[in-house]
Structure formats: C-alpha cells, structure tokens
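Some structures to go through are shown next.
Each of the next two complexes has chain A plus one more chain, namely chain B in the first and chain C in the second.
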Partner chain A sequence: MSAVLREARFLLRDRGALLWIMLALLLSVAATGFGIAEVRDQRATIAELLVEDARDRANALAGQSDWGGAAYAAFHLTYAPPSEFSFAALGQRDTAPWLHRVRMLALEGQIHEADTKNADFGLIGRFDFAFLAAAVAPLLLILLLHDLRGQERVAGRHDLLVATAGKPSRLWLPRAGLRFAGLATALLLPFWAGAAIEGAGMAKVLAASALVLGALALWWLIIELVGRAQASPPVLLTALVGIWLALALLVPAVARAAIEASTPVPDGAEILMLQREAVNGAWDLPKEATMRPFLAAHPEWEPLGEVTRPFEWKWYFAFQQVGDGQAAPVAKAYREGRIARDRAAGIAAFLSPTALVERGFERLAATDTAAMIAYEDAVRAYHGELRAFYYPMLFRDPPYDPAVLSQLPGYTPAQ
Partner chain B sequence: MTPSLEARSLSLVRDGNVVLNQVSFTAAPGEVYALLGGNGAGKSTTLLTFLGFLQPSGGKVLVGGREVAADIEAARAQIAYLPEAASLYGHLDAYENLSYFLDLAGRKVTRAAIDAALDQVALPHAARTRRMQAFSKGMRQKTAIALALLRDTPILLLDEPTSGLDPVAIDEFHDMVKALAAAGRTVLMVTHDVYGACQVADRVGLLRGGRLVGSFEAAEGQRIDTETVHAAFAEREAA
Partner chain C sequence: MNTVLLIAREEWRLWARSRVVLVAALIVAVLLAVTSAITAARVGDEAAKRTARQASAEATFFAQPDRHPHRMVHYGHYAFRSPPPLAAFDPGVDAVTGQSIFLEGHRQNTAMFADTRSGADLGGFAALNPANLYQLLLPLLLIIIGHGMVLRERESGTLAVMLAQGQSGLAIAGGKALALAGVAALFLLPVAGLAGFSVAAGEAPLAAAILVAGYALYLGVWVALVLAVSLLVRQRSVALGLLVFAWLLIALIVPRLAINAGSAAVDAPGKIESDLVMLAQQRALGDGHNAADPAFDALQKQVLEQYEAASIEELPINWRGVVAGYSEAKLTDLMNGYAEARMQKEAQQSRIVTLFGLVSPTLAVGASSRTLAGTDLATHHRFLRESEALRFDFVQGLNDLHAKALTYADDAARSADPEAEARTRVNADAWRLLETFRFVPDPATQRVARAGLPLALMLIWLAALGGVIAVGARRLRP
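== the complex of A and B ==
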C-alpha cells in the first residue's frame, strides 16, 4: 500500500504521464459520446421510419382493389435495432445494412442492393470505443511505459533507484502498475458511464472491461519484455511502435488478404443481377416454365396453379419466388462464404490483440458479421410470412377485403 | 571480526575485456576504505559488484560475510549508495526527493530528520523547497549525500562523492565521513582525488587496469601520507 501511495504521489507530479492519461480520458469521452450519438441517431431513424412506413403502407393500400395489387404496392419495414451495447462497437453496422423496406417481390435483390453503401467506413473504420480500446489504447500505454527504465538510465538514476529499492519489482511494478491503472481508469470510466446511460447489461460491461484490461495487460507484458533491453528510450519507442504497427495493422491486413484469397465469396451485386435477370426473363417465358418449379416447391397450390389469363398475380409472384430460387445458390454461397471468412478471421484474430478486442466488442454489441447475417435471415423469415399471408389470397382469390390486410404480419426484430 | 565488505579474488570480464583482475580487499566496521585510480581503472565497477548489478566472473564479493549473489536484496538493504553525479528528480524539491527515495527504501523519516540531514550537508533552507532542476551540481550532490545519511545503513558506498562540491563543502564532507566511521559505519569510497582519499581513509587501495596494485594504511592516530600515495599513483599511471 505504501508503494502504491508513493508512486501515486510521484505520478501526480509527472506531467508527461498525466498528459497521456488525460488524453486517454478525453478520447474515451469522445468515443463514447460519438457512439451514443450514432446509436441514438439510428434509433431515431428507425422510430421515424416506423411511423412513415405505416403511413406509406396505408396510403399504398388505400388505392388497391385486389390482393395482388396490395401485395405489390405495400412496403414493409424491417430493421435491426442497435443493441444497448452498440454504442461501444458500431462494428458491421457501418458497412452492412441494418434496415430494409421489403415488398412481396423477389427478396434477394432487395437484401443485397444496399451492400455497397458506406464503403468509406469499411475502409477507415469509425472512432468508437472498441477502436479506441483495441488500437489507440496500446499506443498510449507504450507512450506511458516505454521509457520507465530507459529515462532513469539516461538520467543516471537507475542504479540508485534499484539499489535503494533493493528488489527491482518493488519499484517498477507499482510505478508501471499505477500508470496502467490510470490509463485503464481513464478509458473505462467514460465507457462505464456510457453503458449506464444506454442501460447495457452488467455482464456485457464486465466482459468488455475484462477484454480491455486483458489486452492492455498483454501489451504491458510486451512493453516490459522490450523495455528490459539496455537501449535508449527513442530506440525502445521505435521498436514498440514497430510491434504495434505489426500487430495492429500489418497482421490483420495480411490475414484479411489471405482469407479473402483463400475463401472466394460472390459479390452481393452478382445475386442482385442473377435474380433480376431471372425475374425479368420470366415475362418472356411460357407461364408453365414458372409455375412448374413454383408448384414443386408449393404442392399445396397445385390444384389452383393453372394460369389461364395473360396476367395473373399468382403467376407474377410465383416468378418472383422462382427468381429468388434461381439466385439462391449464389446467395447461399455468399452467406456461407461470409461465415467462413468470419470464422477464419476469428482464428487469425488470435495473432492480433487489436483484432481480438474489436471482434470481442462486436460480438458483445451484436454488431458482428454473425449478427448482420442473422438480420438477413430474419428478413427472409419475415418475407416468408408475407408470402404465407398473401398466397392463399392470390391462389384462392376471395373477394378483396381491405380489412383483412390489418392482419398482415408485422416485423418483430430479434432482441 | 567479520568484515562488512570483502572482495575475494574478484574478477570480472565484460565483452571479452578483463575489467577486474583478482582484486582482494576488506573493509571492517568503523573503517573508511578508499579505492584510488584513474579513469577506467575499475573503481565504479567494483562498487557495482557489491550492489549485485554486476556478477563476478571469478572470485566473490561479500557484504556482512554473505556472498552478494546469494541474496542481493539483503546486501542492498545494508548499503546506502551514492552514485557519481547523483541525479535526483528535477521536477521534485529536496524534501520530495528525499521522502520518495526513503519511502522506496522502506524508511519512515520525519521532516525534522530530513532537515537535520540537510543541515548536516549545509544545503540552504531557501533551496529545499525549490525544484532540483534549479540546483547547482554541488547542491544536488549535497542532497544525495543527505539521502545516504538518512538511509542510516551500516555500509556506505560512495562513488566520487566530492565531485561538484566546493573546497569548504569537501572538508565538511570528509569530517562527516570520519564521524560516520567513528559511529561504526563502514565506508567504501572510490575516487581519483588522492588528497581527499588520504584525508579521510584508514586504508587506500590503488587500482589500475582492474588490478589492485598498491595498498596504504594509516598508522595509529595519523593520516596516510599523501605524497607517498601520490608518487605511487603517478608512477603507476605513467607505467
């Protein structure tokens, strides 16, 4: 305890160390603040769109006179609301869509037409708490600890200090430990405040805190090992920044390139094009060519599957579904490819503490690839509910009754 | 009586160079032993072996009769070390520096005791609350000497202790060292100041090229003859 108090008093007089700790505090406040603002903006967007979506659908349905027209005209909002922990790690929400307004038309094109949005964020990333904790915090720790021994050697105090302390650990452990604790506290206090404001669960906050402390402890170990070399502070700093560059940037970049090369994934645009070509091509095909595969998938409509008129809604929506079916192998390859890449990236992340922390945060925040794919699956499931609602109307063709549309399935996001 | 400090056939090889070669001497409680020598003679290296910073390549160093390598921490606990041109923290004042280092040594010392030690080394009162980056070299050295005094250990290792001190302060320092020895402390000082060594030491060892090439002892109630030592020093250095 005496050693902690001694080094605490010493730290309070060390302006250089206090500067880095204060910078960490400011960056953490900024990252947490940006995260909360972004998440609130997304929630506000969803709330606003829910109102607009209901109003727009009511308007669209008001002018309809048959079931097919209603199914064609109405949009339905689906969305993945940010979790209460998303403020800390916006993750894949920057690059993957988290809302779609879908219609009864072929679905895969509707899901993948937004894949190329936010390409800039995919490149540079966003300054959220996960980025701060994973990438910036190790640099601040390096700046705080790299010259603990080196500056004492340069000043000619090293031997006096160690001889006076008797045991080196009696000096360096509390001195480095307090700087570590100061940095960790400066980083985590705003994060904890943000978690309280957002109502994030205690278990997630504790897990995230443990992740930050664990990663920083690993960097402390690296700094400690490198710092034992009898080199000058600038040489030590250069070596440590080099290690940081390798672990934080180079390893993830090389791993990403290797994973992308070894696990080819079709473009979302390929799915879009394939599905559109299939749907558009269906207009020129004999109706039998559409209805045969459709009825094979839906034998329950076989008795009502004959198309006798030049245009019937059941045929129109059947070729939408058949278009989805034709794009399905590519969509499946796209989905499974992303999962395989994500799994490989998870293994590669063990080579980079930075990547590991970011992935850990994204998992806790449900902003990782798995969560984004789960949202796509939820959209597919909801679209299936819409088809299950409309197909009886389209095939049995009961008299049009707008009141029945009040029973349209609503989208309920996963919690 | 077990000597407080003993170098027994101490040898040290660093990067293929023989830095210390079969050096042997002892320093008993109440004795001031001065190691004299020119630059690169191995004086400071000898001190660092007693502190466990350097491991002998041959022979032994003992503190209080125990080999240093067996328990470095125990050896250091008995020693107050004053390095050459001791640099304390410039952003702290004298009180803060001394409190910090004494706390590091596990000693609780009152402000009055610190003042007494600073009085003993004649550091002006007005300077004590100033940051040490504004101190002259002599004032920094006085503060470091005060630290060695406040450590209150049975052994003092002093590396060029009078470096930076003015003549009056050097005389006062020598008196202080004699008083410490009279109180039973063992003092091992390394210096290239022949006159100062002869003024204060009970025995002087002459170190050259890592070898102990001469030894002089004061007769009962007398000081070591400076001219004799100086002649030997000059002869050896010229050789």
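== the complex of A and C ==
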C-alpha cells in the first residue's frame, strides 16, 4: 500500500504523465459529448420525420379513389433508431442508410437507396469513444509507460533502485499500475457519465469497460515485454510505435483486403438492373407471364388471378413482386456475401486489438454490419406486411373505403 | 552553403549506418511500393469495369423495342462515376459514395452501392492506399529518423565543437533541414511516379504536378516540425515523445474532431428528410400523369391560345405529352433546388473540416490531394449534377416525342383500344436521343483553384515553423 502512495506522490510531480492523463480525460469528454449530440440529433430527425411522414401519407391518400392508387401513392417511413449505447460507437451509421421510405412497388428498387451523410464523414470518420479507446488510448499508454525504466537509467538511479527494491516487480508494478489506472479512469469516467445520461444498460457498459481494460492490459503487457530490452527510450518508443502501427493499421488493412478478395460480393448494381428489366419487361409481356409465377408463389389468389383488362392494379403489383423475385438470387448473394465478410472480419479482428475493440463497441451499440443487415431484413419484412395488407383489396376489389386504410400496418423498429 | 551541405552529408552517412533508420525506411518503402501497385491495379480495373457498364447501359437503352415514349421515361438509364486516373493514388470518397445512379422520370435517386456497404468492417482506418500512407505513415518515419538530429550533437558534445569552430546556428539548422528534406524528397518518388503514370493515362500534367507539390509541402511541414522540436527540446526521449504526441494529435485526433465539429455546426438534412418537405410542395405542382389535374389549367389556356385551338382535341400536338414535359420541368426545378441546398450544406460542412487544416496539416493535405485527384466531395457533387442533367435531357427528349409523335386521340384511347395502343409505339430509332455519358472531374485549373485554400494552410504552417526554426537556430547554444 505504501508503495502505491509513494508512487502516487511521484506521479503528481510527473508533469509529462499528468499531461497524457489529462489529455485522455479531455478527449474522452469530447468523444462522449459529440457522440451524445449526434445520437440526439438522429433521434430528433426520426421524430420529426415520423410526423412529416404521417402527414404526407394522409395527404397522398386523400386524393385516391381505388386500392391500387392508394398502394401506389402511400409511402411509409422505416428507420433504425440509434441505441442507448450508440453514442460510444456510431460505426456503420455514417456509411449505411438507417432511414427509408418504402411503398408497394418492387422493394429492390427502394431498399438500396442510400440516405447517407456527407461522404467526408464516412471517409475520415468520427472521433467517437470507440475510436479513442481502440486506437488512441494504446498510443497514450505507450507514451506514459515506455520510458519508466529509461528515465531512471538516465537519472543514474536505475540499478540502485532495482537493487534496493528486492524484486523488480515491487518497484515497476506500482509505478506502471498507477499510470495505467490513471489513464483508464480518465478514459472511462466521461464514458460512464455519458452512458448514465443516455441510459445505456449496465451490462453493456460493464462489457465495454472490460473490453477497454482488457485491450489496454494487453498493450501494457506488450510495453512491459519490449521495455525489458536494454535499449534507449527513443529506440523503445520507436519499436512500440512500430508495433502499434502494425496492430492498429496494417493488420486490419491487410486482413480487410484479403477478406474482400477471397469473399466476393456480387456487384450491387446488378440487382437493380435485373429488377428493372423484369419490371419494365412485364409491360410488353402477356399478362399470363406475370401472373403464372405470381400465382405459383401465392396460390391463395389463384381463383381471382385472371387479368382481363389492359391495365389492372393487381397485375401491376404482381409484376412488381415478380421483379423482386427475379432479382432475389443476386440480392440474397449480396446479403450473404456481406454476412460472410463480416464473419471473417470478426475472426480476423482477433489479430488486432484495435479492430477487436472497435467491432466490440459496434456490436454493443448495434451499429455493426449485422445490425444494419437486420434493419434491412426488418424493412423487407415490413414490405411483406404491406403486400399482405393490400393483396386482398387488390384481388377481391371490395368497394374503396378509405377508413380501411387506417389499419395499414405501421413500421415498428426492433429494439 | 558548403557547410550546410557538409552537415547534411554527415547526417546521411550516419543514418545509412543506423539499423533503426534503415529498417523503418525499408518497411515504409516496401509498403508504399506494394500499396501503390495494388491500388493502381484495383482502380484501373474498377475504371475499366465502370466504363464498360456505362457503355452497356447505353447499348441496352438503344436496343429497347418500339414503345410508348413514356415507358422509356420509366425504363430509365444508369450513370456510372468512373474513377479519374489520379484515383490510383488517392481513391478519396469513391469507396464511401455510391458509384452508380439510376436515372428515371419524376425522381432523383441516390447513388447506390458504396464499397463500404459491403466491406469487411475492421474499424477506423482499415483502408490502405498510397495517399493514406503519405498522410499518416511518412510523418512518423520522418519523426523516427529526424527527432535526434540536433539533440544527438548536443548529447555527444559535438554541438559545442561545431559552434566553437564558428559555424552559425543557422548553418547547422540548414544542414539538418537539408538532410531530412533529402529523405523526404526520396520518399516523394513513388507519388511522383504515380503522378507520371496518371498523366500517361490522360490526367492533366498541372493537376498531377500540384498534387506532388502538395505532398512535398506536407512533408516539408513535418521536416520543419521535427527540426524545430529537435532544436528547442533538450532531451531526446522528450523530443520523441512530444513528436509522437504531435503526430497523434495532427494525424489522428484533429481530423476526426473536425468531422464532429462540421457535423455539429451545420445540420445537413438527409435526402429522405428534404424529400418529405419537398413532397408537400410537389403535390401542389400537379401529377404529370394526369393531364386533367386542375394544376394544369393555366398551361392549357396558354397552349390553346398559342395554337389558336378551341379544345385540347383540336391541338396539333398531344396535350398529354405537353403536360408530361411541363410538369417534369417544374418538378426538376423543385428537386434541383432541394438537391442544391443539400449539396451546399455538405460543402459547408466540408469547408469547416478543411479549415481545421489550420490545426492539422494532415487534413489540409488530404483535402488538396482529393481535390486535385478529382476524388473529393465536390467532384461527387459534380457527378450528381451531371447525371441529373443527363436524366433531365433524355426524359424531356422523350416527353417531346410524346407531345409530337403521338396523337392525343390515340394516346387517350390506348388503355382500351389495342390498335390505338399500337400507334402510340414510337420507332426504337428515337431512343438514340440519349446522350452518351462519360464522367470526368472538373478541369485541372478549377481543381487547382479549389485546392488553393488547403495548400495555403500548409504554406502558413511551413512559414510559421520556419520562423520558429530561424529564431531557435540563432539562439542555438551547446
């Protein structure tokens, strides 16, 4: 205990160390603050859009006189609200869409719309807590700990200190441990405060904290092992920065390139082209060509499936769905390719503590690829509900009654 | 002058014997070479693929059968953004923004299928390209090589000897600066090579040359920073710690904080958000599919007067086509207004980010590099504007056909009368009205003008650090 108190006194007089720890605190406050502001902004956007969306739909439906016209005109907002933990890791939300407005037309033509932010944001990236903890904190730890021994060597006290301490660990452990604890506290305190403000679940906060501490402990171990080498502080620092570069930058980049080369994903543009050809081609084809595959998928409408007039809404929406069906294999391959790449990235992340921490945070925050794909799945499911709602109207064609449209399914985001 | 060269040569000799320096330099050189080759191959491949897709989209459009022209409006077309030659060095926002856009009547779609959407997510900076290496890695290399330049002389006592021999502090600083600048110049060779390669591929020599000059300026700033710290700090480990800290701040932290600041300062609405606001206005314009919409009464009166006709049936042109063209023009005006506002907000955000270049030369060089390479946000906006012009042209061409090649009577009867329907099909030769589209970035002079601000920011850095070095060198004491 006395050793810790002694080291605490030393630390308070070590201006360099205090500077790094203060900096960590400031950066953590900034990262958390900006994260919370952005998440609130996104929530406000969604709340505003929900109102506008309802108003627009009411407006669009007001002028309609048949079921098909209503289905054609009414858009529906779908969205993935940021989780309580998103403030710490905005992740894919800057590059993947989390808002759509869909209607009864072919979904493949709508779901790939990218309502993304300023491209520079996705390119440079935000300074969120996940980035701070994953990439910056290890460097700060390196700066804090790399010359503990070197300082004493330069001061000429090293050998004497080691000799009087008995066991070297009794000397270096409290000294390094205290700096480690100082840095970790400076990082985590603002994060915890932010989590409390945002109401993030205790389990997630604990898991995230454990992730940060675990990764930092790993870095401590690396610094300790390198620091034992008999080399001058500049050489040690150079070596440590080199290791950091390799683990934080090169390994993820090489892994990413390797994964993307070995797991191909079909060109997304192909999905759209297939869908377009199918949907547009249907106008020139006999009605049979559309209704046959449609009725095979929906045998319940077989008795009402005959199209007699040149234009009927049920046929129009049937060829929208058939168009989706034609693009489905490529769309499925695209989705599965993304999942496969993400899975491979999850394994590769074990080679890089930086990638591991960032991915861990994104998963906790539901801002990872899996969450974005889950959102797309939810949009698909919702679009299916819309079809299930409208098909009875289109095929049975009861007299148009706007009151029925108040029972239109609404989109509820998954929690 | 001779002393300066002598000091520099001595420094080079020393570095050539240092294992740390050699290993670090070798690693960076290999990384640069490999990354450059891979990126150049990948971008070249991508450019060829997108150009081929563009051509095939045009061929598909031309090959459509005889149809009602409005069907072609909805059949639509694609525009692809091919990467310019310098994207082989700096792919910029290419991976983040969609690469293709579907063009159809009455709608402005977003660019879809960005690489990042299907990318393997391994965190913050998992994309390596030559530009990234220059921006992030080379400063570190210069720090590792150069942080001890003056300090070494001080620690070994040779500084006192040099000063006693009558060498001025300025000459010593000049020699050290020359030594490190020489290393930086050596490492400019890959970017110069890629720039030459891009000129051979059709890039303007001006843009390529200024791009290389921008990186020379950037590395110059780091050389000056390293020298300044080495001059002013008294302990080697402190100097290195300070420089690594500066790198951390300048290269990693400030750029991202700038993004946070830009995003917080300017609220740029997403497309869905601004579309919703627009829709309400759009409804007031009338539905172009419905020629009987009361919104078109004034137009009808005017057209009837112009052709001295009593009713739309008597018009020599097809009223439905007139309405389609009129409402498309109105709607496009409205959509362009919103799109323009959105792009301006984004440009404002990016300007804030660029101004942070005053704190971080890494941001400044990134901005100038992307601008000159034609892979910046403004070039993406140019793509959006040009593809919109392409969309409007072919849609209006088809609407014109709709008004002039079809009779109103046939057009009105086509849903019920198969013979009238057959007469509304226009000969497929007419689809040739679609213009061929090959996306190219702004002309080099415009790009250079746009890169002026970030380049000036780096010049300010260099001048300020030069001043610090001059003062520090004059006061140099053992």
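Assume the second predicted complex is superposed on the first by the 405 of 415 C-alpha atoms of A that agree within 3 Å, B and C clash if a C-alpha of one lies under 4 Å from a C-alpha of the other, contacts with A are read in each partner's own complex, and residues count from 1 in each chain.
Keep in mind that, in the parts below, contacts are C-beta pairs under 8 Å (C-beta built on N, C-alpha and C of every residue); 3 or more make two chains touch, one makes a residue touch a chain.
Just so it is clear, the structure is predicted and the values come from calculations on it, not from any experiment.
In the superposition on chain A, A:E260 contacts chain C only, with no contact to chain B.
Of the two partner chains, neither chain B nor chain C is touched by A:V29. Within the superposed three-chain arrangement, the count of touched residues of chain A is higher for C, of the candidates chain B and chain C. In the superposed model, A:L18 makes contact with neither chain B nor chain C.
Legend: residue contacts after superposition of the two complexes on their common chain; A:R6 is shown touching chain B, with no touch to chain C. By the document's definition of touching, of the two partners only chain C reaches A:L237; chain B does not. Looking at the shared chain after the overlay, A:A328 reaches neither chain B nor chain C. Once the two complexes are laid over each other on the shared chain, residue contacts for A:L173 go to neither chain B nor chain C. Contacts of chain A with chain B, set against its contacts with chain C after fitting on chain A, share not one residue. Those residues of chain A whose C-beta lies close enough to touch chain B in the complex are 2, 6, 9-10, 13-15, 155-157, 159-167, 170-171. By the touch criterion stated above, chain C contacts chain A in their complex at residues 20, 24, 27, 31, 38, 53, 65, 67, 71, 74-76, 78, 92-93, 95-100, 102, 109-114, 116-128, 136-137, 140, 144, 147-148, 235-238, 240-241, 244-245, 248, 252-253, 255-260, 262-264, 267-273, 275-277, 279-280, 283, 346, 349-350, 353, 363, 366, 377, 380, 415-416, 418, 421. Put simply, chain B touches chain A in their complex at residues 48, 51, 53, 72-73, 76-77, 79, 81-83, 85-89, 91-92, 96, 100-101, 103-106, 144, 151. Per the touch definition, chain A reaches chain C in the complex via residues 16, 20, 27, 30, 34, 37-38, 41, 45, 48-49, 52-53, 55-56, 59-60, 77, 91-92, 95-96, 99-101, 109, 112-127, 131, 134-136, 139-140, 143, 147, 150-151, 154, 232-235, 237-238, 241-242, 245, 248-250, 252-257, 259-260, 263, 265, 267-269, 272-273, 276, 280, 283-284, 310-311, 334, 337-338, 341-342, 344-345, 348-349, 352, 354-355, 357-359, 362, 368-369.
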